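This report refers to the structure that appears directly beneath it.
Which chain is which? They are A, B, C, D and E, in the order written, and residues in each are numbered from 1.
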Amino acid sequence: MSASTDPRFASPGPPKRPLRLSWGDERVRGIVWQVLVVGIVVSVVYWLWSNTVHNLEVRRIATGFGFLSREAGLPIGESLIPYDPSNTYLRALTVGVLNTLKVAVIGVILATLLGTVVGIARLSNNWLLSKLAAVYVEVIRDLPLLLQLLFWYTILQGLPGPRQALNPIDGVFLSNRGMKLPFIEWTSAHWWTLLVMVVGIVLTWLYARVARAKQYADGQPRKVWPAGLALILGFPLAVWAAFGAPFTPDIPELRGFNFRGGLTVSPEFFALLIGLVTYTAGFIAEIVRAGIQAVNQGQWEAAEALGLRRTEVLRKIVLPQALRVIVPPMTSQYLNLTKNSSLAVAIGYQDIVSIANTTLNQTGQAIEGIAIIMLVYLTISLSISLFMNWYNAKIALVER
Amino acid sequence: QQPAVSGPTLDTIRQRGTLICGVNTGLAGFAQPDSQGVWRGFDVDYCRAVAIALWNDPSKVRYVPTTAQNRFTALQSGEVDMLARNTTWTLSRDTSLGFDFTGINFYDGQGFMVKTSTGVKTARELDGATICVQPGTTTEQNLTDWARSNRINFTPVVIERLEEVVQAYVAGRCDAYTTDVSGLAATRSAQPRPAEHTILPDVISKEPLGPLVRHGDQAFADLVRWIHNGLLTAEELGINAGNVRQAAQGDTRPDAQRLTGRTGDLGRMLGVDNAFMVNIVATLGNYGELFERNLGPIGLQRGPNALWNRGGLQYSPPFR
Amino acid sequence: MGESVLTAHVASAVKADAPPAIVLDGVNKWFGALHVLRDINLQVAAGERVVVCGPSGSGKSTMIRCINRLEQHQEGRIVVDGIELTDDLRSLDAIRREVGMVFQSFNLFPHLTVLDNCTLAPIWVRRMPKKEAEERARGFLNLMRIPEQAEKYPGQLSGGQQQRVAIARALCMQPKIMLFDEPTSALDPEMIKEVLDTMVMLAEMGMTMVCVTHEMGFARQVADRVVFMDRGEIVESGEPEAIFNNPQTDRLKLFLSQILRGH
Amino acid sequence: MGESVLTAHVASAVKADAPPAIVLDGVNKWFGALHVLRDINLQVAAGERVVVCGPSGSGKSTMIRCINRLEQHQEGRIVVDGIELTDDLRSLDAIRREVGMVFQSFNLFPHLTVLDNCTLAPIWVRRMPKKEAEERARGFLNLMRIPEQAEKYPGQLSGGQQQRVAIARALCMQPKIMLFDEPTSALDPEMIKEVLDTMVMLAEMGMTMVCVTHEMGFARQVADRVVFMDRGEIVESGEPEAIFNNPQTDRLKLFLSQILRGH
Amino acid sequence: MSEITLNTAVSGVPEAPSRTAPVRTTGAVAWARQNLFGSWWSTAVTLALAYLIVRWTIGFVEWAFLNAIWEVPVVNGQAQTQACREIKGIGACWAVITEKHRFILFGTYPFEEHWRPALVCLLFVGLYVVSAMRRFWNWTLVPIWAVTLTLIGVLMWGGVFGLSYVPQERWGGLPITLILSTFGLAFAFPLAILVALGRRSKLPAIKMLCVLYVELIRGVPLISLLFMASVMFPLFLPEGMNIDKLLRAQVAITLFAGAYLAEVVRGGLQALSRGQYEAADALGLSYWQKTGLIILPQALRMVIPPLVNTFIGFFKDTSLVLIIGIFDLLTAGKTAIVEPAWQGFGIEVYITVGVIYLVFCFAMSRYSQDLERDLNRHRRR
């Protein structure tokens, strides 16, 4: 290392070696092999491609994405953006993508939490708890996800109908139509309140940093949660009150066939979510367990010998190190969860696969339909991969 | 026997010695394997009929279960010779997908089923309801078209597999279930207490179902078409599985004689044995028997599928 | 300045006629059915420097780990700095603050810089202001002659440097007692020397030390007492000269012949 | 029998007035822009024993690895056993059969038994019948004084034993030249002795050897020549006595003072 | 090993008698104290869990056994399922299994010939057992596989030795699941090894191809690949040329599994130290000798757990072929309850199918754990 700074080492760099055209030369062999393999692959692809073009012609199958701007006419049960069957296929597909993202994002978060809990439970000193976690992992991993989704959907359908809906808390209804939550009629005051709350969250985060800095300054630890509570709840409430506390509750009520008003969590979404989360959590649990076990026992001992408490050891010493083992396989699980959401079609959650399927059926544009599905998943998958790789690089250990 | 008529598909089938028939992956009454794994159903009998016409052997059929998504490419690519798979005859399928529908063996229409206890009498009362529907066919589009023209709001629950859709409806996830009336009837009759479910009188679409073949092989299309017509004619003439052999011997009606191949050369014109309809009817029965055997148990009435002279729509062009 | 920090601190720990820093009284320990510590009786006075040696598997590590309760003993009493070790978590916390431990395999935290390794416990356990903790840590790193490594990560250091960081980390908690468990056996000869020098320096400053090591040179140079263990028992114990030159038991004689031959 | 196998074989390799076993002629090597070998000129006669020493990072390993082309040099010529090292893969195969290498970290194949480790290359590269290969391997294991370890896995052996297996493995290929890259630095002192003894024995039998090591005792005892490298250059080279007792350059003096102090 | 050092450290000296440990550190009570009631929090967890387990077990036993119906009368080929419908929710209707089990297991395979797929399943199991035994891990395994697979082909297709010919469309149920997963993995594994090696290759074009393959295939759901295999594949081939549907699904599954396995294998390759490569080079082994004798044996051992994870995943994923109308085990189960009489008894069928999957996957996972312990024995002293 020090050598490179030595002036005498400022050398012109290595000379280029000439390529000798001989089978003995490694580089010649390399080039020949590569040309061979690439040639084969390219010609196979070309062959398939030309077949396809020919077949499309012969079978008079029209290609093109013109259908995207046609009226879809397909009903969609739940959507994050306003949607009506008279909208275009493009919009319908967008709804599908958003639905996929919705279940994937929430699923990834919940599966990570549940998986971590189960993974830590497997390491618990309580024999019953750790064995139970082990059984959970084993059973969940060994049953097809499709079966599990159907199972959850069946269970949820076992809930009473809307007329006999369970009403655990006032305004909350639990029926086979899903969970209905009360909501308020949304006015600008609420927007302000929400804004203040977001600001409050940011401030809490800043405050936590300041508190840490202060502790660094005088050594005394400070509680963050009282201030956090005030900032995240109290302040927005005050703002809301200042606006005259507009509160027109939008309580779900039974009208005709169903509840009107309020927020809905549909059984399809819920079943898919539970299914994906419990399934993926089974795998994540194993990853987390392996990660924690991969951290040398000596790290625990050293931290404990310094007088750190167990929770502190876990938070400051063990988990940061376990993460390095956990993150790469975790990426695969996130990808799997996202891709597995394509099974949604079996239980009536309209994700991108479901909607693209219907689209390609109605329009006959099979090639484009499949291309869209693949493109959407590829984009999501590669984004997850990129993010996780970046994160992984960020937390990588510094070595010599 | 040297076939008088030939075409690429027919030749291939003859050479292969079996008919490859695309059927549904499982639809009660139409196509469904029984406990022993034998395919049974209304559509399946049409496949059998073709095999009987060709070889007088109903077992020379290979059934390929096809899903809503892959049925058309399966036919286009030659993976199957024909589709006998409750497929609605539409203009675009006939033309741009390159198929030939060989007739309508079942007049269907989309309807609704609700629980009797809801007290709903017509579909118009369904405003605000949650409706279960299967994706991937014309059903969804019909539903939205109908809802828009009647200004009805509804929440769809779109589930792919029949079993799950029905379960969702029965469990009360939906207020109504919409599909072809035939399907509704089948589902209703499968319930422990069918009376608890009502099929609403409204029929919101036309769903003419029939077998289809690839465009461009008229010989084969003709054969399939005239088998269906022959089955209708047999019923019209009162010829059934029980009496077809005697009819072939002794029936004096000219129509009957042509059908049984005693006069005329109709079979030969289609490229099969002149007695092909005798064999078919003897083995499978006429159209009415097919219907009763397969669709009767699932609770379907003849309705529009009665013969034209009994108030229905089933009408065969002259078998001559 | 590192020197002064340490001497000031150590001086306060060494009081004349102070009660013994560590008392082990009839301590027994089993791993399952394996009896690894047998009726151990040992008193270490404040400021005393004890070297523990003995063949592999004789229970040296186990004993030293019992002292700061990385292992739990099952019979007998252990009193450290006047506090008896019980199941009580508070007494445990109190003791761990007073006892620093240096492991054979360093056990540095690889995801933290050297400085953070040293300041972690003072900040979070001793509630020391960060600046003060860092100042102190730099002092000790200075003392260990590795001040320029403060911002590096453990993975970037050589073994000897890592072990010196481990010592600095323990010292930063200003323990009254230091436990060393074969602190040099993972090192190559050059690095052994570095670390031993450091330990000699600590010893000369009067720190109470219990050290498991086979480095006879170190034992001769600094130990007040050498304890020889075998099969979970303390077989002999006494001044280094006596132990090395005039072993009483066959076991010790055999052991000495082996380790002296080895090097 | 091990002795006889080896001596017979080694004797055949050592011919009087044979051409030099290894010639390095103006060898230069860069890692990226880092110039690690500078105009290295070195001739090793058949049967000669050369010890290479020098500070860390001076390019000792790189040089020795260039000799059996684990690294590729970029300028100059390397001729081993009369064959010039070129890009041609066939000459490479020929050379690797004649050159055995022993690594610092042993690099035994952990999934194979000791015997399989030793017979692998003879069977697959030399196409020797399995039985013959095993017989020969047992011979060398015998010679290395570990005949009873043949059926064990490397993981079950001590470091010194592992290194001796590594030497046996290299010998089983009956190389004309043996390269050692710090074969003892991963070992503890007791084991170092075992391995050095073995190497002395090999040396005494007349094997051509190039050995990177800091073990001055070994160098004094067996080396025909000691080569001192620094920063990619050969700085001094000569008889061990001359090098150790009468270093010419400041660099070498400094280096010697360091390593002699270290131990 | 510790025992040995303890006894031999200073040899020749009699060992002091060792007292036995006090009772409260050994025995069942101590075990329970330590593992179930270690602290008040642990005690609470134990009690809560024990309560839940007992309750669920009782509930399940009542539903699945005490109140269950095992058979219903069949009149005119129509099962009379009224009794089952009466007890829905209270008891299980295993009659659906009694009636349909052969269909679920063997699909539309000719009923009289069911002994053939049954035998095939047994052959598969036998094949797995034999392959699992380390005694057979040598060249004998190749003929064993070849013969068994041929036998399986002969049994399934027939058409020789007086067996009637059964076209592929009629295959179904468990044999399909076993065929798809066995062949899928058998072909995917070598493919994966090649791709993994390719991805670590120094040749940029080959490396890029492998990266493209892995990332593209891993990025999309298996469903869409199967879809492509079923809907699009006919378009890729020249007119008139056609590939069997099962084979297409097989290819899709193989490609998919290949991409995943390749990443697993790559992990193992990366974990191997450079010294192993260098030692092999220094001994003069060629690239393929080095790879086959040194690198792969070690790399594969290291990745047994993720490997088996992937295997289990694919065994289950074969159930996705329902998308393209192939009757694998799960699809056959679903189809069995299309018949109106049996509609609504999905749970029973799903439980049965689930148990079959569980048995296979669990066996795999257990075996892998044993194997891992066995194969890594050399790592321990």
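To be clear about the criterion, a residue touches a chain if its C-beta (ideal position, glycine included) is under 8 Å from a C-beta of that chain, and two chains touch if they have at least 3 such contacts.
As the structure is a computational prediction, the values presented were derived from the model and not from experiment.
Graph distance from subunit B to subunit E, where chains that touch are one step apart, equals 1.
Taking the mean of all protein Cα atoms as the centre, the chain whose own Cα mean lies nearest is E. Judged by contacting C-beta pairs, the busier of the interfaces A-E and A-D is A-E. Fitting subunit C to subunit D on CA positions gives a rotation angle of 175°, reported to the nearest 5. Centroid distances from subunit B, each centroid being the mean of CA atoms, peak for C. Put simply, the C-alpha centre of subunit A and that of subunit D have 54 angstrom between them. Computed from the mean C-alpha positions, the centre of subunit B lies at a distance of 88 Å from the centre of subunit C. Centre-to-centre separation between subunit C and subunit D, using Cα means, comes to 41 Å.
Each chain gets one centre point, the mean of its Cα atoms, and the points for subunit A and subunit B are 45 Å apart.
Shared interface positions of subunit A, defined as residues touching 2 or more other chains, are 59, 61, 150, 154, 366. For subunit E, residues touching at least two other chains, in rising order: 227, 231-232, 234-235, 346. For subunit C, no residue reaches two or more other chains under the stated contact definition.
Contact residues on subunit E toward subunit A in their complex (touch as defined above): 34-36, 38, 42, 45-46, 49-50, 53, 202-206, 209, 215-216, 218-224, 227-228, 231-232, 234-239, 263, 306, 309, 312, 316-317, 319-320, 330, 346-347, 350, 353-354, 357-358, 361-362, 365. Subunit E meets subunit D in the complex at residues 273, 275-276, 278-286, 289, 293-294, 297-298, 301, 377-381.
Residues of subunit D that touch subunit A in their complex: 28-30, 32-36, 38, 57, 74-75, 86-91, 231-232. Residues 30, 33-34, 37-38, 41, 48, 51-52, 54-56, 58-59, 61, 124-129, 132, 138-139, 141-147, 150-151, 154, 283, 286, 329, 332, 335, 339-340, 342-343, 353, 366-367, 370, 373-374, 377-378, 381-382, 385 of subunit A are the ones touching subunit E in the complex. Those residues of subunit A whose C-beta lies close enough to touch subunit C in the complex are 215-221, 296, 298-299, 301-309, 312, 316-317, 320-321, 395, 397-400.
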